[in-house]
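The structures come next, written out as structure tokens.
In what follows, chain A forms one complex with chain B and a second complex with chain C.
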Partner chain A sequence: MTPDDFTRVIGEALTAVAPEIDPKSIEPGVSFRDQFDLDSMDFLNFVIALHKKLGIDIPEADYPRLYTLDNAVAYLASKAGAPRTADT
Partner chain B sequence: MPTLGSDMEAGTLVEWMKHPGDTVKKGDVIAVVDTQKGAIEIEVFEDGVLDRIVVAPGTKVPVGTVLAQIRGTAPSPPAGTAPQEEPHRSRVSPMARKVAADRGVDLALVKGSGAQGAITREDVERAAAPASAMRTAIAAAMARSKREIPHYYLSTQVDMSAALTWLRAENEKRPMTDRLLPAVLLIKAVALGLRDVPELNGYWVDGGFRAGAGIHVGCAISLRGGGLVAPALHDADQTDLTTLMRQLQDLVARARAGSLKSSELADPTITVTNLGDQGVDAAFGIIYPPQVAIVGIGKIAERPWVVSGRIEPRPVLTATLSADHRASDGHRGGVFLAVVDRLLQTPEAL
Partner chain C sequence: MTVPTLGTRWPPIAKTARDWPVSPNLLDYRRTCAEFSWAEAQRQLDGLPDGRGLNIAHEAVDRHATGVGRHRVALRWLSKDGARRDFTYGDLREETSRFANVLKSLGVGKGDPVVVMAGRIPELYIAALGTLKNGSVFTPLFSAFGPEPIQSRIDIARAKVLVTTDALYRKKVEPIRALLPSLEQVLLIGDVTSIQSFARVRHLRTLMAAVDARFVIPATDPEDAALLHFTSGTTGKPKGALHVHHAVVAHHATARFALDLHPDDVFWCTADPGWVTGTSYGIIAPLTLGLTSIVDEADFDAERWYAILAREKVTVFYTAPTAIRMLMRGGAAATRPQAFPSLRFLASVGEPLNPEAVVWGVGAFGRPFHDNWWQTETGGIMIANFAAMDVRPGSMGRPLPGIEAAIVRRTGEGAIEVVDAPDTEGELALRPGWPSMFRGYLSDEARYRQCFVGGYYLTGDLARRDGDGYYWFVGRADDVIKSSGHLISPFEVESVLLEHPSVAEAGVIGKPDPVAFEIVKAFVALKPGFDADETLNRELLGFARVRLGAAVAPKEIEFRPSIPKNRAGKIMRRLLKAQELGLPQGDTSTLEAS
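For the complex of A and B:
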């Protein structure tokens, strides 16, 4: 998958949690929580949506790496390309 | 028309989900009603057969009005009959359709936020104009609370080290979809704490305290279009953490999609409001009448904490209690907060 693919999937996961979000409006370096007023439950559901869409496990300790679009794209790209056993 | 809160005076029947002659069981969704809190699914209070529909769709009636007549106990279903399923839901909720028609909103242009992308009333309202009915309902309830209820306020700081350490280890063992949030531990601790101080769990009605039939914790949930609702997690003291987490996820999703059930809005015996995600240190809530208490949860933050004469950084939160002084005294409120604190020190037992 390309960075654009990950950006699209992240946008879909965010809109699944908060339908009012326009994926085109996401600011790459600003945390999703601050941009879209997400709470803990929203963020958990966002991570679960990524897990379901991409089929990758995301340890709780890695959640901070999903706080912004830039970081999330980089993190997901590294996860998608890495062996599963190395991630957990 | 059941009352779904002290501030509700009337509701509009939107759609019948059952028809005359249908067998109904306690808890079945029988109708959808539009209230100031959005479209609510009305549940049946007893088993039987729907005999007659009294109120037609589109009719606004006051609380207490008979909506339909249910006859006797339902005959046993034939052997092999599958359990009743939830009524079929269209991709556009009935209320959303009505609101769209009333306000001239083109449903083709509305993005659905409900289950399987169903368009909800809130989706339509968001597309039309911000509604103020919920604001009015909140204003009425909160003004009444401050006018009638002599609140007292207490707070305590809780060391969350044990709870978070346990939670981290527990979540590592769980599948991603079953991970727990700290909020669930807090809700469970509040529910169990109420067993020790039952005078905080119930209602002040007709000049006296009436204990709740169970411990049904109302969870304040903010809505994306503004406003909030506080539906119940029923029997939270008897529910394991995994189930409680799933119920909370479901409740938040349905609250924001506008598909709560009548019992969820009518049954809370206490409310918990958690503003930690907003960075709030301590939340002192206003009691939702006729309830007699509300628990406030602040953010978990690293604080200096004295342990055995030494200062250590510990994750700490401030838990508060706003309670009705007619129903309880500060001493008992203090006991309750102390019990909640103690319970959170042994999270594995929650």
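For the complex of A and C:
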């Protein structure tokens, strides 16, 4: 999966929990909870949705690495193995 | 401390004097209960100088800000981005005095509600205590509320003053400002340039810099209004529960008994001041003890919380079941890299704490969690597991000194009978007379009167009492939803869903949830011509979230051809809940035990 693929999956997981969010409006360096109205349960459901979509185990201690789009893409890519470039 | 082994029944967690690094405030329960009086409890406070009455802000701030005490840290604020800022009692005295002078200069006076809506930032704490100094009524609004709950609450309070941040104002208030005719003053927290685009607002910091840092608290009668907290009922509008300055006697006494707070403690209450716990025990009670209170701006984060407990040497930790269950997801192993030698007492409130979570505290922190029970209307802790007494996992504990609790059964219109037999289910009731009891629902005298029957305040919670006097939560007597420590009105959620053009009927229930206790689930019947598909489901979820805010909006929506109603047209939420739980639908009497 490319970084773009991860970005798309993250957008899907986020809007499954909070459909009012426009994935195109996500600021990549700002935490999701500072940009959008998400409570603790929403964030937990977001992580669960990522796990279901990608089959990646996400331990509790790693949750802070999913706070921003940039960090989440990098984290999921590292967990899924080395990312391939988008030109293939 | 004897740690129970796993089993179908959870044995009590016994304690001995070896478990107490500090001698508990409440050592002999029977004797303290017998000797206790609220008049005596009030003598532990100072009162305003020259016999001018009793004011919460004087007891919490000014009386500790004289002599060397003024250098002691009152609030240690931890910002989201890792900064740490200390406010001594002296600092807090000056800041709250400036805020009180700002209110005074704007013509805001005694009894006027001051609505404060902000995250856990220092200005929130300063505004709360400064409002109390001025004799005005501190009215917190949870910052995660959407525009609809904000509008209805400001409207009920007929509030003239709102204090909020530039970001919250832009997102949630400016679009509905025309619908808030009572608002005369909006004081914004934030960068001075960021607020220039708004009309009819003022910049709080600029105002505070221009006024005196000294303020003489005016004479305050203990029965003067002080705090207005909104809570939810099954039907109708939100209820504004009004509390008076006398409440500080209960804040102080209950914090000593149920949280075992001592003046040398470092106390962390994780509750947001948008709800009653975050005000009574997140602002007022710890400061009345003269101790250091931790305020964390950030949202829940297990690693961050463990680091704060260890680094700040927190001695007493007061949190909520949802947070504890989220910590449990990471396992007790997650606590091992940290050590908590300072941690002495753990407490929980919000919804009943399951026995597994009580006992988990022992493995993770070396201490059990102590569940306690109270509600917005009671203003302070009423029933608790105490430091020097055995913990019964799953029980809310025993009534505090000065509190007379009972299990009652309603026997008809305006009549109850007290149930004395142990282990019998009934409604939890309290004898009125403690200082932090609410004095009314704003503009709703009839609803207030309905709470009192046969000389008791009826709490709306069903419970039982065992043979040793410990109380056990059973369920709600009404349809109010308990989620993540907050009460949510199904009516408020249904009303918003009905505003969507596709919705014909809506019924909202609390669906049991392993982390949040209950989540808000909505059943929706559509008007003809609309398809019950995934696209519309998401649109409705988003619609409700934007209007209500994430803390109130449904987490799940299910389409139904119709919503069950009784002959009077009332939505049968109990039947919806029975169907959700797969219970026999003809018999909903067992629902409370589920």
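By our rule, the second predicted complex is superposed on the first by the 81 of 88 C-alpha atoms of A that agree within 3 Å, B and C clash if a C-alpha of one lies under 4 Å from a C-alpha of the other, contacts with A are read in each partner's own complex, and residues count from 1 in each chain.
Going forward, a residue touches a chain if its C-beta (ideal position, glycine included) is under 8 Å from a C-beta of that chain, and two chains touch if they have at least 3 such contacts.
Remember, it's a predicted structure, so these values are computed and weren't measured experimentally.
Between chain B and chain C, C contacts the larger number of chain A residues.
By the document's definition of touching, of the two partners only chain B reaches A:Ile58; chain C does not. Within the superposed three-chain model, A:Glu20 lies in touch with chain B and with chain C [touch as defined at top]. Of the two partner chains placed by the overlay, chain B and chain C both lie in contact with A:Ser40. When the shared chain is aligned, chain B comes close enough to touch A:Ile48, but chain C does not. Residues 18-20, 33, 39-41, 44-45, 59-60 of chain A lie in contact with chain B in one complex and with chain C in the other.
Residues of chain C touching chain A in their complex: 80, 144, 146, 299-304, 322-323, 326, 329-331, 334, 484, 515-516, 519, 538-539, 541-543, 545-546, 549-551, 555. Residues 18-20, 33, 39-41, 44-45, 47-48, 51, 57-60 of chain A are the ones that touch chain B when the two sit in their complex. Here chain B touches chain A in the complex through residues 111-113, 123, 126, 168, 171-172, 176-177, 179, 181-183, 222, 224, 248-249, 252-253, 276-278, going by the rule given at the top. Within the complex formed with chain C, the chain A residues making contact are 15-16, 18-21, 33-34, 37-45, 59-61, 63-64.
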